[in-house]
Amino acid sequence: MPYVNIKVTREGTAPGADVTTLEQKKALIKGVSDLLYEVMGKEHSRTFVVIEEVDLENWGIGGVTTSEYRKQKAKS
Amino acid sequence: MPYVNIKVTREGTAPGADVTTLEQKKALIKGVSDLLYEVMGKEHSRTFVVIEEVDLENWGIGGVTTSEYRKQKAKS
Amino acid sequence: MPYVNIKVTREGTAPGADVTTLEQKKALIKGVSDLLYEVMGKEHSRTFVVIEEVDLENWGIGGVTTSEYRKQKAKS
Amino acid sequence: MPYVNIKVTREGTAPGADVTTLEQKKALIKGVSDLLYEVMGKEHSRTFVVIEEVDLENWGIGGVTTSEYRKQKAKS
Amino acid sequence: MPYVNIKVTREGTAPGADVTTLEQKKALIKGVSDLLYEVMGKEHSRTFVVIEEVDLENWGIGGVTTSEYRKQKAKS
Amino acid sequence: MPYVNIKVTREGTAPGADVTTLEQKKALIKGVSDLLYEVMGKEHSRTFVVIEEVDLENWGIGGVTTSEYRKQKAKS
């Protein structure tokens, strides 16, 4: 009876996309469910996966927003 | 001092609605707060309830999105 | 397909108990599942409820731990 | 390697704003990251902060939505 | 910069084990991190995975604790 | 009405300690509550802070457990 919560920044990571695509969500859901079955024998029908997308300005890393963090990284 | 987080799929379950209605949210908040008072004596003023609605394509069950899961169920 | 996470302080609230009792946990699980069925028509078999107990010194309210908060309240 | 999740009601608390402003988000991210470094020596680059804003009608307190709760308070 | 929270019931699912084993935890962490890299290009060094084990009596399904749920299933 | 959840690895970061100390927890609770008051005007009495400690082997980073990650870092 696993529950998996995946939080990612809301942005495009597939070619031409500016958000997480439906194909990516399907791949995450299938991949996590398969993993829990393979590693722990958890039935697919008993695994919940909830994907949450978080705006770049709402996600902090290194003491700054993700947008700022990447700018700093790009410069260094 | 309880904190309750309720996650549901974002869709209509009341007649004519396509999202969770304000009346439903009020009923969930009241119901959960009453329950914590009755079962554990927790004061209403110290109970936080946070409702989060999750898009059907962001909620996985059975290794697929909720939309796909229901289609499979409908067929079987 | 709801997921409900209930966080409460780890302490006794039933007579003679010093933790949440099994009877209280059963009542919370049943109560929340019934509520989601009544308000939103969610099937019991599709509702997950996860109860987490948190030590009093790990739960802050009013800028202090719950233990300190209660001492302050008792004095005032 | 801390992970901090901050949930607040979605509303304006800065002059003229009706949501949490970017400046407030930056201040929260910096403040929490600094705190974890000062108190526990956690490196900024290893601290994630995720801010989530929750609609007033999705946040319950005192058995009612936050909007209703404030109306009750204002009257009393 | 993903954050993944995996909640499972605290019990043995590997031969001879009565809790999640270290090998299983390693496999979950590696599997989820690989998945996020493959599907979304997320760097391993930026992915946090937090595994939480929940006692059977603290996890509700079908309106009852997981222990009761399994007994009911075994009978039916 | 903020809710803040702080997750850290369960280990000592104060001199001579092998877990998060009570003093550290108090400092985190006070620091976060002060921050929310200063940045957003949130009253201390309405801010909940929940600290959760996570075993090193339950926290993944870089595709491995935190223990392994540090060993790799120490070598490189």
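Per-chain numbering from 1; labels A, B, C, D, E and F assigned in written order.
We take it that a contact is a pair of C-beta atoms (placed from the backbone, for glycine too) under 8 Å apart; a residue touches a chain by one contact, two chains touch by 3 or more.
Since this is a predicted model, take the numbers as computed values, not measurements.
A.B. asks: Does A-C or A-D have more contacting C-beta pairs?
C.D. replies: The greater number of contacts lies at A-D.
A.B. asks: So the centre of each chain is just the mean of its C-alpha atoms; given that, what is the distance between subunit B and subunit E in Å?
C.D. replies: 22
A.B. asks: Can you give the whole-Å distance between the Cα centres of subunit D and subunit E?
C.D. replies: Their C-alpha centroids are separated by 29 Å.
A.B. asks: Give me the residue numbers in subunit A that touch at least two other chains, ranges are fine.
C.D. replies: 1, 3, 7, 28, 32, 48, 50, 59, 61
A.B. asks: Specify the contact topology among the chains shown, as one of line, ring, star, complete or other.
C.D. replies: other
A.B. asks: Applying the document's contact rule, which stretches of subunit B touch subunit F when the two form their complex?
C.D. replies: 1, 3, 48, 50
A.B. asks: Under the definition above, what is the set of subunit E residues touching subunit F in their complex?
C.D. replies: Against subunit F, subunit E makes touches at 22, 25-26, 28-30, 32-34, 44-45, 47-53.
A.B. asks: Under the stated contact criterion, what part of subunit B meets subunit C in this complex?
C.D. replies: Interface residues on subunit B, with respect to subunit C: 1-9, 13-14, 20, 24, 27-28, 31-32, 35-36, 38-42, 46, 59, 61, 66.
A.B. asks: So in the complex, the part of subunit D that touches subunit B is made up of which residues?
C.D. replies: Within the complex, subunit D contacts subunit B at residues 7, 54, 57-65, 68.
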